[in-house]
Amino acid sequence: MIHWNSFSEFLAMGGYGLYVWGSFGVTALILAVEPIVVARNRNNTIARLKRQLRAERRITE
Amino acid sequence: MTDRFNIYRYAAPSAFYPLAGAMVPWFAAAAVLFGLAGLWLGMLVAPTDFQQGEGYRIIFIHVPASWMSMFIYLVMAFWAAIGLAFNTRLSGMMAQALAPTGALMAFLSLWTGALWGKPMWGTWWVWDARLTSELILLFLYIGYMALVAAIDDPRRADKAGGLLLLVGVVNIPIIYFSVKWWNTLHQGASVSLTKSPSMAATMLWGMLLMALCFWMYSIAVALIRVRTIMLERERNTDWVRETLEGDGK
Amino acid sequence: MLEADNLECVRGERRLFAGVGFRLEGGELLYLQGRNGAGKTSLLRMLIGLLPPEAGEIRWRGVPIRQAGDDFRAELCYLGHLNAIKEELTPLENLLAAARLADEELSEDEVLDALEQVGLAGREDLACKYLSQGQKRRVALARLVKERRPLWVLDEPFVALDVAAVDWLAGLISAHLQRGGLAVMTTHQAVAIPAGTVRELRLS
Amino acid sequence: MLEADNLECVRGERRLFAGVGFRLEGGELLYLQGRNGAGKTSLLRMLIGLLPPEAGEIRWRGVPIRQAGDDFRAELCYLGHLNAIKEELTPLENLLAAARLADEELSEDEVLDALEQVGLAGREDLACKYLSQGQKRRVALARLVKERRPLWVLDEPFVALDVAAVDWLAGLISAHLQRGGLAVMTTHQAVAIPAGTVRELRLS
Amino acid sequence: MLRIVTAVVARDLRLAMRRQADIVSALFFFIIVVSLFPLGIGPEPDLLRKLAPGVLWVAALLATMLSLPRLFADDHRDGTLEQLALAPHPLGLVVTGKVIAHWLVSGLPLAVLAPVLGLQFDLSTEALVVLTASILIGTPALSGIGGIGAALTLGLRGGGVLLSLLVLPLYIPVLIFGAGAVDATVSGLGGEAHLSLLAALTLAALGFAPWAAAAALRIALE
Amino acid sequence: MLRIVTAVVARDLRLAMRRQADIVSALFFFIIVVSLFPLGIGPEPDLLRKLAPGVLWVAALLATMLSLPRLFADDHRDGTLEQLALAPHPLGLVVTGKVIAHWLVSGLPLAVLAPVLGLQFDLSTEALVVLTASILIGTPALSGIGGIGAALTLGLRGGGVLLSLLVLPLYIPVLIFGAGAVDATVSGLGGEAHLSLLAALTLAALGFAPWAAAAALRIALE
């Protein structure tokens, strides 16, 4: 059922390796990096807001 | 006020925030599953294309990315229309949360298309109608993000950005139909609801699974982003304070 | 005639005021007071419908102004801290253009007359960019001379005016009130308006 | 210290004034009066060297200011009716940048202190475009708090300020005069400057 | 209704006349950009003839765009825009007037000048006629769409460049049909189809754009 | 002396960062203009390769020029320029600082981006290197000369277009040598001669322009 005979054949992609893997590589990179950036952004925001909230509490108390 | 919140129950950020939080893992998991299945079908099982050799496998990301880039813009425009008509706070945030992902999808469509074009057409880039309008779409995304970033008052930014989205939405049909209207290098739609698909079943399934993967992925990322935006925007409301005092979930 | 209920103003993170309300009838002047940054200009912009209030409602002749739309605006005259005059045009041209854009009939003679009243006789044909601060303000104020719309909203109208012009303007506002007009005004200068009922509203 | 001889000002076709002269020593305030358009702003711009007079001469410490050049400007502080603040920058950044460009040493603490004095505590980090008219003016005036250069030239400094701020500024000018400074000022508002000799010059 | 539109047009034209420089300089900008190209590219006549439609249209587009930032900015800065927004008639009418005035000052002169510049590129008479027609028909759409961009970026510092970013993508169809019309004529296919598409674009833009721009202005004034 | 220059540069850069949009959008303007030409002209690769140097340089020139009107206008409008003119050091130094900041914001990013856009036009590596070098060397001259124009047209309404009118003729030598350098490389002649002429132009412009601009500013302030 699997179409390829060997791993190197898979990598070569019938001579189109550069183009196919270039596409898949960049896509994988972007789809991996975006969630990381988004999650980091979220954690930073939460940390900053918590800090602000605490500072505010301290002033009003 | 209260009855309005009942009508638009989940249009209220305080109600949407936990709901979105609960949905994220499911969409993320679905994205991974669909992705693995799609890659397996597309990269390992699907046969060689008789015209394009193995190079055609780029289709498994090129087409989903192209579809998503257009679809996300439509969704943003939909939210913008809702926001301008009913003045709901959530809609602007949704549009903003979607924009970066949409821009990335447009970029991926261009990138993979360029990498496909080199072996197939012998050039990275031609000034063909579809390619050009996809480029315009990328500019529209960037323009939207730049406009929203340039306005500091978030509510004004939402309204102005929404207006821009509605104006720019005319570009979507142009991209989609450009291949029909101008007879050009780029290939026409081979998947359509009315005609039976003209490609091998494994290829088709691989592509559809990858499309679902991209779809789930976009929803998951946009939901995380919208939750961040909500906290930031509503930081002075009670519900955000309570949320922050908990664990932020 | 002009009512405001429970207005709330939020700018950025800051709540400037909340629960502000008043009721103004013909012949009355509302004198808005408050320190710098209290929100006077913001309140005025709400009253004329340029800034949507965070909460509360403003009614003119019983109808919410958002709904009244053009009907409300047809009875309103606003003078902000910007003069709304074109530097390249002469005072005469400025006033004629303003009248035409506001859909009012105003003849050249009437305009010349108004300019003379504000002490700009002899400068009708000098481009406004050559005028002094106070003279520019006078051109803006000349619009009020023939103004018969019932509601005047004035943001710091006395700024840059010399003593004589301040007196003149105070008289003009009085006459408007005596004709049964309404006015809402802010100013940091203590200026006595001779006629009409003066109500004060303090933002803080 | 500051002398003006026989100044003449012509704008366009119009001779605004001629034969104006005065002499100002340390600790003295020159209070320039005149109706709108009399030429007060024009005279001030001559004194600081931005507008060459039609006739006459201005001397600082006995040297004509055209000749003195940078030496004169190093002792001069001018505040026009424009605020000279950047709308995008915060008050803090504005004042620091202004000091650095005028080649003065000013620490962040000093600036924060000045801002607190003008009543902008809590707004140090808000971009100036969000400030109210009066608050913007206060940012511009905050430059004067630490200002030790001997000659202050102020064009309508009280505009847009509320009563408390007017009093504060009058006090600041008095202190400057008591330190032996000179000041030239115009204003249409009657404001008493408690200390120093006040000389008046009326243009008409 | 018409009275308001004409009043706005009259005022804006008078202002443009007073500034004089405006009209003349948009034209000169057009001329200079068009003349820059032969300098940057070199003087081969065949090459130039091929370039002509594209270069002329891009230059027309840039010249129109350059004057956009000031479409509402002056009125905004001196408070006139507030007064216009407070006038008792739809703001869309006022914007329509301003768009018309903008076209009269910046689009029309380009159409007048285009054939003269086209001669420099050795275009045939027929191509020149189509060029003029396409610019005449297409530039109102540029003014209309530009109005939306100008309104959206109003009051934002750095607006000028942001404005180009927003507006240029929307200008591209106009550019394609406009240059396409001339191209088609040059290659003997006839430019009518392109021209009628261009006319449709312009009608759509003029009917729709002023109201979108008016909505954007209300947002900017908040 | 240096302190003043750096103080001005620091302030202007901070302002640019605050507006964010500015830097990004000048770049995108560049990208968009470069992409417009193929749209107007048609997609033949051979033709496009011939156009590349001219188009890229004209676009760089326009992108620099677009941001010129605001070089002094903002400072003029809010009164900062008066204060700068009253500071106890030569106004020319202040102008030098502003010109440097302008280049950092508008010229430098263009040089970074130019090779990527050059790829779209199918240029060789060598040509791309020379293109980048020419833009890097040439744009400071554009900022400097532009400063004079900006100062001369300061406070004149309609200044933006008038400015282009004044400045473009002075930009032409830069354009010719800049595009010429790339052209010479493409046709195998080597671009060094052009590049060194360009460098000479830039040095002359940077030494002389700030003082001319300062003089023009004093006149504008009268």
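Just so it is clear, A, B, C, D, E and F label the chains in written order, and each chain counts residues from 1 on its own.
The criterion applied here is as follows: a contact is a pair of C-beta atoms (placed from the backbone, for glycine too) under 8 Å apart; a residue touches a chain by one contact, two chains touch by 3 or more.
Keep in mind that what you see is a predicted model, and the values were worked out from it rather than measured.
A.B. asks: What is the touch distance from chain B to chain D, in steps?
C.D. replies: Minimum number of steps from chain B to chain D: 2.
A.B. asks: Over half of the interface residue numbers used by both chain E and chain F, so same, or under half, so different?
C.D. replies: Mostly the same residues form this interface, as more than half of the numbers used are common to both chains.
A.B. asks: Among all other chains, pick the one whose mean CA position is farthest from the mean CA position of chain C.
C.D. replies: A
A.B. asks: Farthest from chain B in C-alpha centre terms, which chain would that be?
C.D. replies: Looking at centroid distances, D is the chain farthest away.
A.B. asks: Tell me, please, which two chains come out on top when C-beta pairs in contact are counted per chain pair.
C.D. replies: After counting contacts between each pair of chains, the winner is E-F.
A.B. asks: What is the distance, in whole Å, between the centres of chain E and chain F, each centre taken as the mean of its C-alpha atoms?
C.D. replies: About 25 Å, centre to centre.
A.B. asks: Centre to centre, by mean C-alpha position, how many angstrom separate chain A and chain B?
C.D. replies: Centres of chain A and chain B (C-alpha means) sit 16 Å apart.
A.B. asks: Could you grab the centroid distance between chain B and chain F? Build each centroid from C-alpha atoms only and quote it in angstrom.
C.D. replies: Chain B and chain F have C-alpha centres separated by 37 Å.
A.B. asks: How many angstrom lie between the CA centroids of chain B and chain C, rounded to a whole number?
C.D. replies: 49
A.B. asks: Can you list the residues of chain D that touch 2 or more other chains?
C.D. replies: Residue numbers touching two or more other chains: 87-88, 127.
A.B. asks: By residue number and range, which residues of chain F touch two or more other chains?
C.D. replies: Counting only residues that touch two or more other chains, chain F contributes 19-21, 25, 28, 32, 39, 42, 74, 157.
A.B. asks: Which residues of chain B are in contact with two or more other chains?
C.D. replies: 132, 139, 142, 146, 150, 152-153
A.B. asks: Given the complex with chain C, which residues does chain D contribute to the contact?
C.D. replies: For chain D paired with chain C, touching residues are 11-12, 34-41, 81, 119, 123, 126, 130-135, 137-138, 156, 159-166, 188-189.
A.B. asks: Would you mind writing out the residues of chain D in touch with chain F in their complex?
C.D. replies: Chain D residues touching chain F: 48-52, 70-71, 73-74, 76, 78, 80, 82-89, 93, 97-98, 100-103, 127.
A.B. asks: Note which residues of chain A are touching chain B in the complex, please.
C.D. replies: 1-4, 10, 13-16, 19-20, 22-24, 26-27, 30-31, 34-35, 38-39, 41-42, 45-46, 49-50, 52-53
A.B. asks: Can you list the chain E residues touching chain B in their complex?
C.D. replies: 148, 152-153, 156, 158-159, 162, 165-166, 168-170, 172-173, 212, 215-216, 219-220, 222
A.B. asks: Within the complex, which stretch of chain E touches chain F?
C.D. replies: Where chain E meets chain F, its residues are 19-22, 25-26, 28-29, 32-33, 36-37, 39-42, 47, 50-51, 53-55, 57-58, 61-62, 66-67, 69-70, 74, 156-158, 160-162, 164-165, 168-169, 172, 175-176, 179, 183.
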